[in-house]
Amino acid sequence: MKKSTMFGLLMLVVRRDLILAMRRRADVLTTLIFFVMVVSLFPLGVGPEMAMLRKMAPGVLWVAALLSSMLSLGRLFSADYLDGTLEQMMLAPQSLSMLVLGKMAAHWVVSGFPLVLMAPVLGLQFDMTGEALVVLIIGLLLGTPILSMVGAIGAALTLGLRGGGVLLSLLVLPLCIPVLIFATGAVDAVTSGLNITAHLSLLGAFFVMALVFTPWVTAQALRISME
Amino acid sequence: MAINWFKYAAPATFYGLAGKLIPWLAVASAMLFAIGLYIGFAVAPVDAQQGEFYRIIFIHVPASILSMFLYMIMAGYAALGLIFNTRLSAMMASAIAPTGALFAFISLWTGALWGKPMWGVWWLWDARMTSELILLFLYLGFIALHASIDDPRRADRASALLAIVGSVNVPIIYFSVKWWNTLHQGSTIKFTGSSMHIAMQQAMFTMMAACWLYAMAVVFARVRTIILERERNTTWVGELSEVKQ
Amino acid sequence: MLEVRKLACSRGDHRLFSELSFTLDSGQIMQVQGANGSGKTSLLRSLCGFLMPDEGEIIWRGENIRELDEEYYAEMMYLGHLNAIKDELSGLENLRISAGLSGVELTEKEAMDALRRMGLKGREMLPTKVLSQGQRRRVALARMLVNDAKLWILDEPLAALDVGAVALIQQLIAEHLARQGMVIFTTHQPLIVDGIDVLNLNLS
């Protein structure tokens, strides 16, 4: 028997959540299919005019990404809450924030990263240019982890409540507006030939801020919800 | 002169104090509303550019300012309640939320009413209007979270945490929306502030004071109800004359 | 070691208990008794730090558990009503993960041995969803074999277990007490530990 370190515990949580996600692949796939479907519905709703679609593409992709991450966030803590694992996590001899960070990371790998991989294909459907696609991907890479991290606060606060999923969206979506603005703004900037460093650095700053504060806030929220 | 402020932090003491203050606040608020509306409609001159329409700012501006201040005050009370575990602070936070949401709504509504004659559209994606809309969403989130948790203590603490996270985010949201607005060359609603007539200023400040007093009166009344509900099993509530009847 | 001072807990408007004080020292075992709804689980959850008591404090080695936080958690183990095991994972994976969360890294062999001693030989690699209720409980209880916590807090450890498993649990508790460990538990079944007096705490 060996004592585990803080990093060891973090990796344990990440590995565990990834194994669980692999064994429940359907959950991961439904989120991804939802994303693809929402994006594909927009041209049907607004018409197939390419110039307009090209202009709308980043916004459409981002709103769809926001919605599909809301879908998967409801499950972030609920299964562990129901079977008692969350109790054991709170009794771990390392800080709960670290375990929460592990769960956020696993959530992003499972539900955020597939969206990033899928986005270029969908971007082509909207006739986005090569450089616009690259900026979109960078924006998604920086932005989707923030959705997982900020969303975790909402998931922790709504733990075990009736109608938790809808409530979660109501709490989290307004908080994600800055990410939406700057990530889509970066794509707009590059298509109109402007500098994108300001947008991306701000997204990066949001990412760092979320990384520093959200695990601790989420841990507090979990303690409140477990009482 | 040593006043024991903590005495008023006990729900039982505050209940009595608030009960005494509410009539004064309400009467003062009503009088100021009457004076403010009189100055606003009768004394203040017609604006050179905007005609009579500008008069809606006498309610629009106080409502916008109050909606933002109330959110900060609410978050402040929420933080106090969470850190020091004081019951009254949490009750104050949940009592402020509906009034704040109401002012945010009034601000959006009057903004739209002003926009139609001035710009020809009910809604403009102007930075301030958009931020106000998001602020309304934040209020609604707070109220919805509080309402969906049955256990009052968890409800207080969970929504307090949400209010604090929200208050950290409000400046970021405001800044991003402003950036977004300039980026898309949107038009910004501007009131002709520089040439504000003295009577306009008087009307504005009177209405502002009236709104503050109204907010205090309503919040105190709501807090009294919450106190009664939460403390219904205590002896001091049982001894109140209005409960005994 | 563990000292509870004037503890009061309530659920909603209902006061479960108040002015509750007791101490527990090394090598002692205490059974919490009381009718359904008398606050047994709430007391245990307060001892875990999940519930914030209305009044009073819980002291471990002279310090409040709220201040000790992770230091306290390193020395205690809690087994609740819920098994904290995942249906999709095998008994082996479940045990290694739950031990890992409590700060102990198990090799595969250590985990195998523990599961076999719990009577799960041949079922270590099966996903726990195919196990019976009692077998799943055994997977959860296998953590009693692979930890070095001083204080065990056990909420209904004997529920869903057969006679053989009950005897095994009693033996494990006796071994733990012999190592100067401490146990607080609730149960609706008789739990006999040879040669040791069980302290009683009645909440009703």
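Lettered A, B and C in written order, each chain numbered from 1.
FYI, a residue touches a chain if its C-beta (ideal position, glycine included) is under 8 Å from a C-beta of that chain, and two chains touch if they have at least 3 such contacts.
Just so it is clear, the model here is predicted, and its values are computed rather than measured.
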item: Remotest chain, chain B as reference, centres from CA atoms; value: C
item: Central chain (distance from its CA mean to the mean of all protein CA atoms); value: A
item: Centre-to-centre distance between chain C and chain B (centres being mean Cα positions), rounded to whole Å; value: 49
item: Rounded Å distance, chain A centre to chain C centre (Cα mean); value: 36
item: Gap in Å, rounded to a whole number, between the CA centres of chain B and chain A; value: 33
item: Touching two or more other chains - residues of chain B; value: 151
item: Touching two or more other chains - residues of chain A; value: 227
item: Contact set on chain A toward chain B in their complex; value: 153, 157-158, 161-163, 167, 170-171, 173-175, 177-178, 181-182, 185, 188-189, 206, 213, 217, 220-221, 224-225, 227
item: Complex contact set, residues of chain B against chain A; value: 134, 137-138, 140-141, 144-145, 148-149, 151, 153-154, 157-158, 161-162, 165-166, 168-169, 172-173, 175-177, 179-180, 183
item: Sites on chain A touched by chain C in the complex; value: 1-4, 8-9, 12-13, 16, 19-20, 23-24, 79, 82-85, 87-95, 99, 223, 226-227
item: List of chain C residues in touch with chain A within their complex; value: 48-52, 70-71, 73-74, 76-78, 80-86, 88-89, 93, 97-98, 100-106, 110, 146, 148
